[in-house]
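Chain naming follows the written order as A, B, C and D, and within any one chain the residues start at number 1.
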């Protein structure tokens, strides 16, 4: 075994948040395997972000992971001040040599596939989608989902709302209820709370980022999953091997790297739909089909 | 001294507030059926003693006994249970509740249901017996001071008290209301109630009490049987020296300084509304405005104070109409204004004596330069005012809230009279003041008139008006009538006008 | 046994020291509970808190950097509360101040830093002030409660900022992330020390505190503010223009909070986003009250609150305890200091039942 | 217009309005009780969080749903007692004490949650309260679905409105609470304890506030999340003023707020973003402000609100 390296993560959200949890879990797993020592701060405000980064940097970590989205300039400044540390930051901007690598949850591919499932399954032709904030990484997934659904069902309409909070399940649930009342028979569950509404009203839902089908038996048609493990493991290996570069680690979220996947409940979704999705999945994997990355804010089409 | 008749005895009561000893080893006893008048200058310690008796304050030394039983200190609940009732100097009423609810408050178990009907019956019976008429269902906020006073007394009677304390109950009552109260008190005393009655009005004291206890500086200054007492003796006992009689010479009115011309003022409340009011104040005269409280005095005061302008008609100052509600402009023009409620409108309690003396003129050159305060000037003015007006206080830097009522009034006099004003509004100038302070205020007002000022005195105390006024106005239901020179009037004639009947 | 409170005229220096010490000790004892609960050692934790707040130039800079907006929002609360104008809306005023700084300073006006910085500051001050003038006018005209309205306006303003940074003000270079176009370099505050975050906003804050002290103590307006705050009716009767004075207070209070926003944008962040302030507006109230509404005291109270947070946050990282501990430590310290302040204002006298005279 | 008719005519809309209103009803009643006694309780936001966390945690640890409700009540009462000690007994600034309580209750809840359940990867869940159905009533047209989609806590909230109104207006206790918020001297002069009443009111009111939080984790949802209270407590502070400190109007205000929120969600869902979403989110606040301005003159303020009371001191 190689020596254990110290990894710090600075999250702007609590670690339960779907997005952070994928990476957090991968890091915890790496720690449990004895590969790293993992420390983190959560719910860090934008104001505190730079300080927290610097404190970890001063503690002497080898790899720092976090989200630079709202704090691009200071995060990059910190990285510049600590060239010996490797930074792997969620960011919509390019990496910076020599030590500032970037990533994002590019799971538009499985989102597209789950869209196909939903598009085929809907009977009312109304799909409800509840998001947190209309930011690129949410928009991107919603747009891919919509494109997937429209590819198999041009009649499909979408009801979309944003609850302006990352964490308000009761509110997300209310938004979802509203969509059911507006005729939706499938809900795209970008936030916690939406699947609960689907389950309560006896309709179907599409999962996002994490697999919650066990929590909502008979409700989750399909899910677009993100797995942080390939990227985290790659980054750890790169740091240990001295090969960490300021590259875009976002690609490890693509299906071909195993960073994302679509799972289906065939009993709910129907064999035909799943088969079609799997065929598309193959095209994605062999590179013959590319899912467009569209970060524009989607809007209801009812 | 412990007779079977004694319902209440205070023994060696001492109370200190910091360095001040408000009560110094005071003894007092009260018999059934007795009306004991408690007298003393402002700040002599009367209210403090009663507050200890009732459990609002905890004494430093001494005990209170009711029927020989020691009363636990600091518990109004225990005092009430022992049969002590108190009508507070400052009303202790919840204004958002009805009179009946104020009376019931605290008399039933907190979760008892349905006590209201029984309570109403009992209160109505007490009203019938005592003649203390009040509308029980009106919110206290909408009652007149007289009615509030009656609710306070009913509160005590409702509890079947054996001792009733009244702390300056008549300070805010009209003469008629006060007379009604005395009738009730005499009847109650005849039925065996012991009454302690605090007042600064010696006439009342002489007419209603059976015994008089005088406090001075927290100690007992003397005790008299009312039948043997007269005004002079009591006043001298209170003040510790002979009180100067205020003498007023005939007025020599000159030119008109302030004039109301066909003034109408419409306000939400009738207290301030005025209709078709016209009168003039001339230099060198004191005009007394008589009237039952709430008939429009507030409106006249607001207009002269610069807090309002007429909705119709005009108030002319030196012949020019006042067009803006601007107290500062009036002050600058030489109008002195003494507010009706000196604690509420007169002083900022948490500011110093010096600040309160300067407050009307801070923006003027006297106390500031280019927006910066001239603390030295303020201090100097305060120091001289404290000496000249005998304001009893620890010094110019003491907070005004620590001053007794009389001294607050002197502070206000010092503030407004120092500039030699040409027009003076004296609204209830001696309400709640002791005789010493009263004569001091009267002397100052008369001196200002003699200097050539035009003075309007608003008062509900006819004795005061007859002592001061050269000429009477009477206000009733928002209309003002001219009652003529005071030497051609008597109380009866003014009383009729106050009741709205043409003389 | 019952107890009675007696107001102290003035607390001696020794007592003040004693009380501060007592409050500090009590806070430390209380903080030990969660630290032990999380399996840490309290003594290590204490050391780390101090080190994290003051242990290095970096730590000191971070503490002062965090204190900067607190000084300004603290002053905003202090001046308003002196006039009994309950401004709970410093958070919203801060954002409005920041918003105007961005509107003015992101390219709309081209001028040298010597002019642009004051312009940006004035814009932020005026905007924040107007933001407080609205509820004050509503109070004066309609009797509407300013506590509630300023509180509600906070939510409105933050939503407005969200809307603008997602819409018209959005930085085209932000890759879709909701943040505003950046301030021009000439509009930004310089750092006080190169490579450390503390910036000229700190100087602005301290200067504002001194100015406010002069205002409160030495000027006619300060006198009038006090009178209006302590007894509105008497102030009105004495001819102090109550409404006008309240509006001036509103302008100053909201303006100071607006300056806090300018300072965060121009000194720290460089652009506006909806997460600019982690509740600086609300903390300002706490800071002001800790300082007994004294302007100069506000500076110290702000540094105290900032130091506790920064130190405890740093400690949580060093010990591996959940970083939610930081807010908990701030809350506990705050309560201890508050209670300490009580002992400065009052002396407690215990009462026995007065002994009856024997054989009476 | 059709859209509007659709929305307002649907039982589901009204069901949503009632559901969204439920935590607010608890909160506004709690704040109302405190303020009626003369004590502003800005701790409400934190007490919501603590109630949400503690109630949920108790259920998670096996206390049962009603056990969780009791734990939430006790938690709220405890923070209420702390506020009472600071604001009533010590007479400290009610603003600061309240904000301090919010900070303490929030951070303590988060810290406890994280430290007690350190290894969670996705939030653990409980089985929450389920909608009650009463045979016969539940089948009524319109009212059936509107009311009987609700869980027991909603009915509890409605019951509390009646209870609080009853206590306030029909019992001597209510009389005393109303009096102590108007003029503490009136209460002391009648032999009641100003402190006792205020402490009791703050404790009871805070316990109710905690139920508002508990509703979020035990009824509206089944897990605890950081930040999920999301300003609901502050809304209640506004609603109390809107309601002129009357329980009936408090219910009305909460329902209006719920209805508006449900409406904006539905409008967004049905017609999409014609204007930025924030405009809708702002509207409830702006409307509250407008409503406040309109009712302000008539509102009957508890006159002693914010004013500390010390026995034996001049006031």
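Methods note: a residue touches a chain if its C-beta (ideal position, glycine included) is under 8 Å from a C-beta of that chain, and two chains touch if they have at least 3 such contacts.
Keep in mind that what you see is a predicted model, and the values were worked out from it rather than measured.
Colleague: Count the C-beta contact pairs for B-D and for C-D, then tell me which is higher.
Modeller: More contacting C-beta pairs are found at C-D.
Colleague: Taking each chain's centre as the mean position of its Cα atoms, how many Å separate chain B from chain D?
Modeller: Inter-chain centre distance comes to 45 Å.
Colleague: Between chain A and chain B, what's the gap in Å when you average each chain's C-alpha atoms?
Modeller: Comparing mean C-alpha positions, chain B is 75 Å from chain A.
Colleague: Averaging over Cα atoms per chain, report the distance between chain C and chain D in Å.
Modeller: Distance between chain centres: 27 Å.
Colleague: Go ahead and note the Å separation of the Cα centroids belonging to chain A and chain D.
Modeller: Roughly 35 Å separates the two chain centres.
Colleague: Which residues of chain A are in contact with two or more other chains?
Modeller: 43, 134, 164, 297 - these are the residues of chain A that touch more than one other chain.
Colleague: Hunt down the residues of chain C that sit against at least two other chains at once, touch-wise.
Modeller: Touching at least two other chains: 4, 159, 162, 166, 322, 324.
Colleague: Please output the residue numbers of chain D that touch at least 2 other chains, ranges allowed.
Modeller: 110, 278, 281, 311-312
Colleague: Kindly provide every pair of chains that touch.
Modeller: Those chain pairs satisfying the definition are A-C, A-D, B-C, B-D, C-D.
Colleague: Give the list of chain B residues in touch with chain C in this complex.
Modeller: 11-12, 18, 58-63, 65, 70, 72-74, 305-307, 326-328, 330-331, 337, 339, 344-351, 355, 359-360, 362-363, 368, 371-373
Colleague: Quick check on the complex: what are the chain D residues that touch chain C?
Modeller: Listed in rising order, the residues of chain D that touch chain C are 40, 82, 86, 90-93, 95-97, 99-100, 103-104, 106-108, 110-111, 114-115, 118, 231, 234, 237-238, 241, 276, 278-279, 281-282, 285-286, 288-289, 292-294, 296-297, 299, 310-313.
Colleague: Please name which positions on chain C make contact with chain B in the complex.
Modeller: Checking each residue of chain C against chain B gives 2, 4, 6, 9, 218-224, 226-227, 230-231, 233-241, 351, 353-354, 356-357, 360.
Colleague: Going by the contact rule set out above, which residues of chain D touch chain A in the complex?
Modeller: Interface residues on the chain D side: 10, 12-13, 16, 19-20, 110, 119-123, 125, 216, 220-223, 225-228, 230, 261-262, 265-266, 268-273, 277-278, 281.
Colleague: List the residues on chain A that touch chain D in their complex, please.
Modeller: On the chain A side, the touching residues are 14, 16, 21, 24-25, 28, 43, 128, 134, 159-162, 164-171, 173-175, 177-182, 184, 192-193, 196, 210, 212, 215, 297, 299-302.
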